[in-house]
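Dropping the structure in here first, questions after.
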Amino acid sequence: GGTNTTPPAGEGTTAATQAAGAELTGQVKIDGSSTVAPLTSAAAEFFAEEQPKINVTVGTSGTGGGFEKFCNGETDVADASRPIKDEEKAACDAKGIKHSQLSVATDALTVVVNKENTWATCLTTDQLRKMWEPAAEGKVTTWKQVDAKFPDEPLKLFGPGTDSGTFDYFTDEINGEEGASRKDYSPSEDDNITVQGVTGSKGGLGYFGFTYFEENADKLKAVEIDSGEGCVAPSVETAQNGTYAPLSRALFVYPSATAAKRPEVAAFLDFFVANINKIATDAQFVPLNAEQEAKLKTDFAALKTQAG
Amino acid sequence: MAVLSTPRSAVQLASKGQPLREHLFRIALIASLAIAFVFLLALLSYVLIEGWPRLDSRLWENMPSVRNPDIAGAQSAITGTLWVISITALLTLPTGIAAAIYLEEYADRDRWWNRVIELNIQNLAAIPSIVYGILGLGIIARTFGLGFSVITASITLGLLVLPIVIIASREAIRAVPPSIREGSLALGATQWQTISRQVLPASIPGIATGSILALSRAIGEAAPLLMLGAVSFIRFNPDGVFASYTVLPIQIFNWISQSREGFHILASAAIVILLVILLLMNSAAIWLRNRYQKRW
Amino acid sequence: MAPRQSATAPGTPMSLARSRPRHGEQVIKAILLVAALVSVATTIGIVVSLLEPTIRFFGQISAVEFFTSTQWGPLFEPPHYGVLPLVSATLITTGIAIVVAVPLGLGAAVYLSEYARPRVRKICKPVLEVLAGIPTVVFGFFALSFVTPLLRGILPFEIEIFNALCAGLVVGFMIIPIVASLSEDAMTAVPSGLREGSYALGASRMITSLRVVLPAAFSGIVAAVILAISRGAGETMIVYIAGGGQPNFTLDLGKAMQTMAAFIAQAGSGDVPIGTVDYNTIFAVGSLLFVMTFAMNYVSARLVRKYREVYE
Amino acid sequence: MPNVTVRGPVAPHTAEALDPVFTVAGLSVFYGEYEAVREVDLTIGNREITAMIGPSGCGKSTVLRCFNRMNDLIPGARAAGKIMYHGEDLYGAHVDPIEVRRRIGMVFQKPNPFPKSIYDNIAYGPRVNGMKGKMDDLVEEALTQAALWDEVKDKLKQNALSLSGGQQQRLCIARAIAVKPEVILMDEPCSALDPIATTKIEDLMQELSRDYTIVIVTHNMQQAARVSNRTAFFTADVDERGERHGRLVEFDETSRIFTNPTDKRTEDYITGRFG
Amino acid sequence: MPNVTVRGPVAPHTAEALDPVFTVAGLSVFYGEYEAVREVDLTIGNREITAMIGPSGCGKSTVLRCFNRMNDLIPGARAAGKIMYHGEDLYGAHVDPIEVRRRIGMVFQKPNPFPKSIYDNIAYGPRVNGMKGKMDDLVEEALTQAALWDEVKDKLKQNALSLSGGQQQRLCIARAIAVKPEVILMDEPCSALDPIATTKIEDLMQELSRDYTIVIVTHNMQQAARVSNRTAFFTADVDERGERHGRLVEFDETSRIFTNPTDKRTEDYITGRFG
């Protein structure tokens, strides 16, 4: 294949149209958050139709693991479900890895309960906090303790492992401090296990990404969240317009400016940014709203300038 | 011999006394095997029934897809598994068997360092696979600079299963009667001739078992590879030992954790494929074992 | 038939020193030694990777808390560093696995080696070994979605959806082929003269199996069992998926538990920034597991040396 | 000194008047396809010593191993014909081979001590047969009878495999008699023994034959002559296809076989003219 | 028919004029703490047959196994004293035990065929020694010399473990002579053999002794008398602590040992009055 093609320089045009004439080769390495991976994977899949000779690999080492490899120069793009931390930034700087943050989709953390749960249709953030705060550990063990109106059903909690971006976000928003959570719940990196746990216990409650709920809507019930402005159910719209608060969050990718100089990486990123909402919708993510999409394009343009 | 008066008269030769105990023992033995089989059967049927709708050529002709379970396949994972496991076998079987020979036939067991090696091997067998992942990441991928490639995965898996090969081979070698060695040495055979022409052929069955167990473990292992960049989404086949790769257990793991039901079916189908590959891999060892199994 | 010494003058035979140099033998021995040393290098690699973070860990966290506190939760706010729940969970699940795998595995091995016809053995053994090749992830999900519901249906007492009992049972089934296959090999290798000697004394098959064959194969059987236990103790995914990953300090088998290996897997594959205490806990737990298995192996190695029967 | 002349029939037995323990009729033994022994008819008398002699490979061990169904254990081995034990078919459907072996003991051609202590080797049989009585005494008695006690009495806890060849052989004899079987089958029990030990074992056989039935395989003509009441002479015929099959040539009182054999081949063998 | 009378010294050798192959001086052998054999002095003459006789457990096998350093292989076994082979110290530092065993062959007391085919058992030695020549002929020659060819020529590919006891023993003899060693050590080579086969093996020994040196252990007095030039008589002494130690009692020309022994114990043993 020809490696003679230079990356598309023009703005506003998609890589697809630019590169249509010439086939590129090479490899683009992406690694990081397992939450974001389906999105970049879908992008890779669409991209393969345009540029079949460019091999895009998507790893799922977790946000932290992804940044570690990224800042070590081992990958080209990091997927992240939270912004980069200062220590990680320092590591990147030490290796001279220039990067920028692109928000590519939105996620709505969804709180789910057992189908047989008739009492909890809407929970306030205070109620959630009562269940999940460190002080609740070993004490709040029935629904009745959360709210006197609830039945005396044992409360069984399920959620993501302590080292996921989702956990960090949820604890930060609900309990007020990242990582502050009761320990006596069943944690799992694999959301399917959380699904199993909640479906298996009548008094079960868990939380995970919106996509996961949508796929398992027949087995589970999503709870509406009341953060003081009334009950809001999680949905694409409420996530996009920000009314599903405080549990909607942004998802990111971090491309390396150095890697973006390589034609195959540039081609992929061009394609990804140009088709972002099509890809997000296809991968069942909450797509960006117009405003967010415009910001993405600006941020990406800045990166390309930086990459030179 | 005053103890015995008259010999017992010609009483019936039919069994008496212990048949019940004997019977129960036999039944218990068969039950042990049967319980294990029932479990296996349950697991296999579960997987087979689940995966049946997707057990077709798409599985090995298509590349993975996150978008649509209907067009998703596992070709890159299948080729990746074949690459990784073949190289693992090439690396670990000779090393393991050689180490076993050294420990059984050359090492003086009263020397402390040989006892240390021995203990060390048993100990390695108990180290969780994830720790090998840490080792592989820090030392093989980074310090040796082999990166996240097939060869890194093979070395890591090879080290992980090495103790199994060594321990099983040692026991097999140890079971060869000393008179066989003496017979050979008395003919002026060197130690290595004795080992390679008498001891090893006689211990093939046990070595084959060790190899089967080791490769089985390696082929189904996912945890260390998760740390070694067996990235879950790869749409191309590896083209050499330094290529990026994915393997079936990772692909399976990945599909299982997908939210859509279609991917779960796919995962089950891929498990069936993995088991078929496993049996094909092992069949050479099984054949060797059956051929050489004998009693003396 | 020409005698060798006729080549030389009678009475002056060739020296007994090496007639031709056998460098090959030395080279082979060296190669074999190197192969044996690979395992030592592996251990050194592991110890090196574990040691430094472990030392840093104990610089930050008191060993007293680590070994006596009954609360584990290093990644929570506020963190807790009592390793006992992990240790007890490891012992419990491994214990259950042993209770399943050792009798069933040995029973199957005795049956295949002493009772079954050769054809049956030829077929059954590879089939059993399929169990060893199923990815542990699959075992984990099978445990969670099939075995646990089954247990909940038949057991008279309550168990949670994630529980140590099911995890231990399934780990036990996973290691059956290790016990069965290797023990069977060891028993088959017992010379048939010994069996004949026993049968000729009027011993039954059961007695012969238990009193002659098993003791003669002792060393191989112990090796098999230790290998299996080691495998069980280090097993990660099954316990992680079916056991619930919740570090409870309890003896209630119906409760969720987290083993040491499961913790390492959970923390090691996730989002822990390198160099933090949290990161170091992975290695502290790893080191402890290393020391524990080392102790177990040391004791068993001594046992084997003591009870091994050498035949012929 | 024991009697080393031809022992001759125990009065008042005569060749036909013997009280049969085993009656063998048309016994052929196969190893897979190969017919190792062909059509043997034989009667073993109660409380007698019967010797089986013949050239190596003619099937003596094979026939002997049929008497306690030891050949059952060799894959592919199969016996055709009838062996009656006290009038009961040894290969009958209801017969328990374990019970058979409990009552018909055996000493093998190659010594096969268990990899256990000397003491445990002897105690093994009585234990598995649930025999009562003081085990120490039983062990001492058996070892004394097998002329081994003096040599091992100080190392009863030592592994039996560290014994010399002849000591192992005597150990196996002691092990067999410790369970006090009705019949004792011995496959070349003195092959690794020096003349003194041999004499002691022969004395033991004589003594045992007062109460027990004994069948021995021996390649030592003098031994057969010295100890046995009856002798069976086997040889191997070569058939058209070049295969060798063991056959019983002659079976008679020992005195007759050694002084006045009917068959030319017996005579040749006995006098050393054979082969 | 072979010569079955006392063979006597090969003229013109006399007791002292022998051409020594092995010179043993003050040899003691230990198994761990236990001194199995004590202070043996012995000379083995070139192209002679030397017999070692004595009661079971007196250390014959132990001494024999020192001649080709086979005892090196037993953990805890240790030899003190000197064994010179053609004037060279057999236990010297530069001596290669493999070379020793290549040149000094051995037949063991218990037959130990390899679990391979009959053919491969014989071909093994020549192969590992890199011997040239047509292997088939070599195998046939060795089997014929060991008087086994006729019995096995049709089943050379069959597993050697399926042979009868005596056949296995002859196979091991054939295996040992197939490599054409300088010295052949035989530990009771005829113990499982019938008289005919024994005669053939004895003939073979006589034949081999024209070119080779042979040492045999035998418990068969007649055999020692028939075939050997010199005989060493061992016995086991019981010391103050009740331990048994093997000792060489007398070593001389066979004719002298059997007709006019110096030591009372030898005489007793030979005439059967011992023990």
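Letters A, B, C, D and E name the chains as they come in the text, with residue numbers starting at 1 for each one.
One rule holds for everything that comes next: a residue touches a chain if its C-beta (ideal position, glycine included) is under 8 Å from a C-beta of that chain, and two chains touch if they have at least 3 such contacts.
Small disclaimer: the values here were computed from a predicted structure and weren't measured.
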item	value
Chain-contact steps, minimal, separating chain E from chain C	1
Per Cα centroids, the chain farthest from chain D	A
Chain pair whose interface holds the most contacting C-beta pairs	B-C
Computed distance of Cα centres, chain E from chain B, in Å	47
Distance from the mean Cα position of chain E to that of chain A, given in whole angstrom	84
Whole-Å gap between the CA centroids of chain B and chain C	13
Chain D-chain E separation of Cα centroids, rounded to whole Å	28
Multi-partner residues of chain B (at least 2 other chains)	177-179, 190-191, 226-227, 256, 296
Sequence positions of chain A contacting 2 or more other chains	61, 65, 190
Touching two or more other chains - residue numbers and ranges from chain C	22, 191-192, 204-205, 269, 311-312
Residues on chain A engaged by chain B in the complex (per definition of touch)	27, 29, 31, 34, 37-38, 40-42, 44-45, 48, 55-61, 65, 69, 72, 74, 190-192, 211-212, 214-216, 282-283
Footprint of chain B on chain E - complex, ascending	68, 70, 73, 98-99, 101-103, 105-106, 108, 110, 112-116, 124-125, 128-129, 159, 161, 172, 175-176, 179, 181
Chain C-touching residues of chain B, taken from the complex the two chains share	18, 21-22, 25-26, 28-33, 35-37, 39-40, 42-44, 46-47, 94-96, 98-99, 101-103, 106-107, 115-135, 138-139, 159, 162-164, 166-168, 170-172, 174-179, 190-192, 205-206, 209-210, 212-213, 215-217, 219-223, 226-227, 248-249, 252-253, 256, 271, 274-275, 278-279, 282-283, 286, 290, 293, 295-296
Chain C residues within the chain B interface of the complex	22, 24-25, 28-29, 31-33, 35-40, 42-43, 45-46, 49-50, 103-108, 110-112, 115, 122, 124-139, 141-142, 146, 173, 176-178, 180-182, 185-186, 188-192, 204-206, 217, 219-220, 223-224, 226-227, 229-231, 233-237, 260-261, 264-265, 268-269, 282, 286, 289-290, 293-294, 296-298, 300-301, 311-312
Residue ranges of chain D touching chain E (in the complex, touch as defined)	1, 31, 53-57, 61-62, 109-111, 151, 154, 162-167, 170, 187-188, 191-200, 219, 221, 236, 242-244, 269, 272, 274-275
